[in-house]
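Below, chain A partners chain B and then partners chain C, in two separate complexes.
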Partner chain A sequence: MNVRSQVSMVFHLDKCIGCHTCSIACKNIWTDRRGTEYMWWNNVETKPGTGFPTAWEDQEKYNGGWEVEDGKLQLKSTSKAKTVFNIYHNPSMPTMDDYYEPWTYDYQHLFNAPEGPDQPTAKPISMVTGELINIEAGPNWDDDLGGSPIYAENDPNLASLSPEQRAQLSAVERLVLFYFPRICNHCLNPSCVASCPSGALYKRGEDGIVLVDQKRCRGWRMCVAACPYKKMFYNWNTGKSEKCILCFPRLETGQAPACFHSCVGRIRYLGVLLYDADRIEEVASLPKEKLIEGQRSLILDPNDPEVVAAARQSDVHDSVVDAAQRSPVYQFVKTWKIALPPHLEFRTMPMLFYVPPMSPVMSSQENGTISHVSDNLFHDIDESRIPMKFLASLFGAGDESFVRYALRKQKAVRWYRRAMTVGDVDMPTAERMLREADCSPDEAEAIYRLTALCTFDERFVIPPMHREEAIQMMEDPLTHKQDVGFGFMSGPHRGM
Partner chain B sequence: MPITFMQQFHFVVLPYLVMLIFFLGTIFRYRKAPYTYSSLSSQFLENERHFWGLVPFHYGIVTVLAGHVVAFLLPRQILAWNSQPLRLYILEITALVAGLLAIVGLVGSIVRRLTFSKVRTVTNTFDWIVLSLLLFQLLSGVYVAVFHPWGSAWFSAAISPYLWSLVRFNPDLNYIAMLPIGVKVHIIMAYVIIGIAPFTRLVHILVVPNPYLWRRPQVVRWYRAPKEVA
Partner chain C sequence: MSRLRLSIILPLLLGFLCSVAVAQQTDTFFQQNCTSCHTIGGGRLTGPDLKDATKRKERAWLEKFIQAPKAVIDSGDPYALQLQQESRGIVMPAVPGVTPQMAKALVDLIEAESALPKSRFAGAAISDRPFTPANVALGMEILRGERKLSQGGAACISCHTIGTLRGMGGGRLGPDLTLVWERLGGRKAIGAWLTNPLTPTMQAVYRNHRLQNEEIFPLLAVFDEAARTSLPADSGAQVNFFLAGFAGLCGALGLMGWIWRGRFTNVRRNLVRKSRGVE
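This part shows the complex of A and B:
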């Protein structure tokens, strides 16, 4: 057993209100430079919808992730031989048109326009060329189902639905949507790392954060094509790839990443998972229907004395093991099994898990009442507006049973709490639901607390990163704070 | 014919000078600014013409350059190969086609850079200089190939010994003194391009996917050295 630790994440989709605060927090800190305007390391998509870049989930188009061929795990976009052959032109490279051309407005014109009969307007200008442009797409072009017959229709997850199910999704007055915030998944088997001809991409051994070494990156763009989540971005101005860094400078100083910290819905959880690094390849090559169980089996129980001993053997610091034992992510993923990885069939072993959204399911009830004595108290889950198939395509590697399990448990917890606090459901029914949902009253209480009452420290259990010496070796990050800001290692040019 | 001062300058001083600049410049840049050691790809901004420009250009120019290097390293083998006319024709036609391919690709790239405003934005003055020099060099190369046949023969017989005399620090200009002006211009331009390479995007030629071809798929970096796990 080769125990490693991974800073992992859970996003509770039932709580996301789609406010985009997370995206803005990230953009303001990391991607406000030339060449990065179009990048959204954190973005929030509306589902059903095509997302960012358009239809990123469609790997027939983008060739991201891994596939198993003759029992061997291989990148879909490239191989070593193909990389040499295609080094001058990357055939699976998305272009700016797949994202959008960033723009601003000619605000000066509002001040400089000559006097005339009409109010002057600020026309949109491209942030790439500075020329006037026609805005044809934006980072959230189909937000809240905007223009859904044109955009949401093309959601790749709809492919598995029957025409009736599709019609049901968009029926007038029964229209349904949920939000899907995305950052880099900091995968265990990252295809971006595997594809990099320069070896510039790497996973940090101690915490599993995936980073690009900007000095080694030669701009070959293989990672942009290889990442199935399209969370590798090409900076067209510097010719380097960039990605979400999980705010490692914040983590190293004990703070939650900016998008986590600012999240209004408090949907985000962060904590350590211990896993067995020796089994990654074996698990990533499993048949599709075994992937979810396989990934769960990779994640080790931090309270198991054997695992703790093995962690020590593998040089995982005791304080990290301690953090793993208190990890909210472990609870959601392993103990309760209600958080699921996105598109695990891409086989990168993402370490960001989603609690599938519940609310729209509940609201599918006609007339607002449910028969408390129904033999099957969960029947409405399968008749929900968001077809189970759709959620399974996103979070179950195509298998509905995992999503159904997570939703049933969530619903049972709600009813249990309702029986306790509102009293319009009788306790025996609630307890029967819990039993049927494989959940004990204690577990229900714990899920309720971590979902609804969670404090900052319960949501973010950040392990000590033990980088103090690294910080001391660097120059003082406050040196140039007065003139250019925190962390700058050289002064401003031209006395700015 | 006596060797003039200009000849001394162009064919003795210049090559040594540019080689010095090339080695010092590339090493210095690699040490000082490793961040800049690549070509600024514009494929993200325009994808289709990129293929029709970059692919023929690179495959063409790599073939042509490889030909020059082989003729430099193995002149006798080339001459032996050429002893049968058919084999000579095959070699010459391959080289000519590769050269034309490179020209087509380069012209395509230049037109692309001129027409797409987004791509123009990421093109600087040095890029234009490099593109012009390359175009001139490719045109002069094809001119020489067409009007002074058979290049593969006289390169091996004259240019290769001349270059070797430079390598041995015993420059002998007699080999090339009588060459036509077109060939001489081609040689001088080659030196100029080598000389400016360290200051342009041409440094990307020196970057190879190492150790990608033989490394394991995943790369992990440790802040502290990991303990060996049994």
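This part shows the complex of A and C:
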């Protein structure tokens, strides 16, 4: 057992209100530089919808992630030989149009416009060409089902749905949508790292954050094609690739990442998971239907004395193990099993998990009146307006049972709390529902508390990062002592 | 390594050696740089026979001309212009390494050699035999590079074209060789040139890969044949070359398009197009 720690995340989709505050917080801190105009390390998508870049989930087109061939894991987009042939032109590269042409507005015109009969306007200007443009797309162009005949209709997750289910989703007056915020998943088996010809990408051993070494990156962009979540971005100004860094400078000083900190709906949870690094390849090569159980088995119980001993053996600091024992992510993913990884079938083993969202009951329209399949406040999960198949395609690697389990448990908890606080449903029924949902009253209480009443410190259990230990593995801190004292990794430049 | 060391040590040593060595150095210089166009007592090649040059013109003028021929011609010097006219308009190239001392030594050498009954620089021994069709055929093989040069030099076709070449002709770095026979002045002159080509490009290529007499003779036969039979390589060859290049480019692009036929094409724009009913 090779125990490592990973700072992992849970996004509770039932709480997301789609306000994009996370995206803006991230943009303001990290990607307001030249060359990063089009980058959204954090973005919020509307589902059903095609997202950013358009239809990124369609790996037939984008070629991201891994596939198993003859029992061996292989990158879909590249291989050692293909890297040589495609090094100057990667055939799986998204085009600018699939992201969007970044733009700003001619604000000066508001002040400089000559006097005329109309109010002056600030026209959009392309940040690529500097010319006036007609905006055709943006990073959340399909927000709230905008342009749904083009975008929502073509959500790759709809592929498995029957025509009736599709019609149900998009019928006017009965539209349904939910939000899907995304950042880098800081995967256990990152395809971006595997694809890099320069060896510039790496996963930090001490916290599992995937980073690009800006000094080593040569801008080959194999990672852009290889990442199935399209969370690798190429900076045209520096000629290097960039990605979400999980705000490691904030984490190292004990603060939550900016998108987590700013989250209005408080949907985001962050905590340490301990995992067994020796079994990653084995698990990533499992057949599709065994992937979710496989990934769960990689995550180790931090309260198991054997695991704690092995962690100590693998140089995981005791304080990190302590943080892992308090991790909200462990609760959601392993204990309650209500948080699921997105598109695990890409086989990168994402370490960002989503609690699937509840949705209203199905309804039908006859003679101008809308009738619901069920009048029950908490209807049966399988009568939800978002088809189980759709959610399974997103979070269950195609298997509905995991999503159904998660939603059932959520519903049972609500029913239970309703019986406790309002009392218009009876307790015996609630308790029966809990049993059916594989949930005890204590567990229901815990889920309720961490979902609804959670404090800042309960949502973000940030481990001490122990950078000093990580650095000491690679270089002797005393090497630089005589240069300029502590505090500078390289000396300050003098003069102009 | 040893050659490098020699090339450093030898000039240093020579500097200290007696006048015999200096004279030898001048000999070598003359052999390497002048015999392509000049003889001493062997008749004119591209340039005039230098025998008794010191009697035809004063030494100071000769030294000045050797150092900067173009400058003297450009200054409108009547004798220099006359020389240029006799050489069918060819301007003597400025030879690198001609210092005032070297120019003086060269004039000394010319004077001394002129006094001898038979100079060492009377010209290369190019056979006077008439050219046969077999010579021409062999010459074309050499020119086209089908027969390798014995000292490993590059084939003529890499840089030159000639009217008798079919298809796309030869290279365009060097001049068209069709009328070289007349331009340089026949068998003896071209023979001397090929023995020791002097332009910066050819000198660099052939300095260590000298053409042999039995290779020069068939080449001369080719030049003679070309001058008599064909017009200069026409623009048809250039058009052919362009067309072939264009066809090759299209072919290469087509092949690449086929190899990478599974490449990513725009997703969003296609969705928009499809939704508007444009298939």
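Details
In this section, the second predicted complex is superposed on the first by the 446 of 496 C-alpha atoms of A that agree within 3 Å, B and C clash if a C-alpha of one lies under 4 Å from a C-alpha of the other, contacts with A are read in each partner's own complex, and residues count from 1 in each chain.
By definition in this document, a residue touches a chain if its C-beta (ideal position, glycine included) is under 8 Å from a C-beta of that chain, and two chains touch if they have at least 3 such contacts.
None of the values given here were measured: they were computed from a predicted structure.
Overlap between chain B and chain C is detected when the two structures are superposed via chain A. Using the contact criterion defined above for the overlaid structures, shared-chain residue A:P149 touches chain C, although it does not reach chain B. When the shared chain is aligned, chain C comes close enough to touch A:P53, but chain B does not.
Look at A:G219: by the touch rule set out above, it reaches chain B but stays clear of chain C.
With both structures placed on the common chain, the touch criterion links A:G199 to chain B but leaves chain C unconnected. In the superposition on chain A, A:Y62 makes contact with chain C only, not with chain B. In the superposition on chain A, contact is made by A:N237 with chain B only, not with chain C.
Of the two partner chains placed around the shared chain by superposition, neither chain B nor chain C is touched by A:N157. Judged by the touch definition given at the top, the superposed model places A:S23 against neither chain B nor chain C. Between chain B and chain C, it is B that contacts the larger number of residues in chain A.
After overlaying the two complexes on the shared chain, residue contacts for A:S92 are found with chain C alone; chain B is out of touch. On chain A, the surface patch touched by chain B in one complex and by chain C in the other comprises residues 89, 93-95. Residues 260, 262-269, 271-272, 275 of chain C are the ones that touch chain A when the two sit in their complex. Those residues of chain A lying in contact with chain B across their complex are 1-2, 80, 83-84, 87-90, 93-96, 101, 126, 128-131, 189-190, 193-194, 196-199, 201-206, 214-221, 224, 234, 236-240, 280, 313-315, 466-467, 470.
By the touch criterion stated above, chain B contacts chain A in their complex at residues 34-35, 37-47, 50-51, 54-55, 57-59, 117-118, 120-122, 204, 207, 209, 211-213, 215, 217-224, 226-227, 229-230.
Residues of chain A touching chain C in their complex: 50, 53-55, 58, 61-63, 86, 89, 91-95, 97-98, 136-137, 149-151, 153-154, 225.
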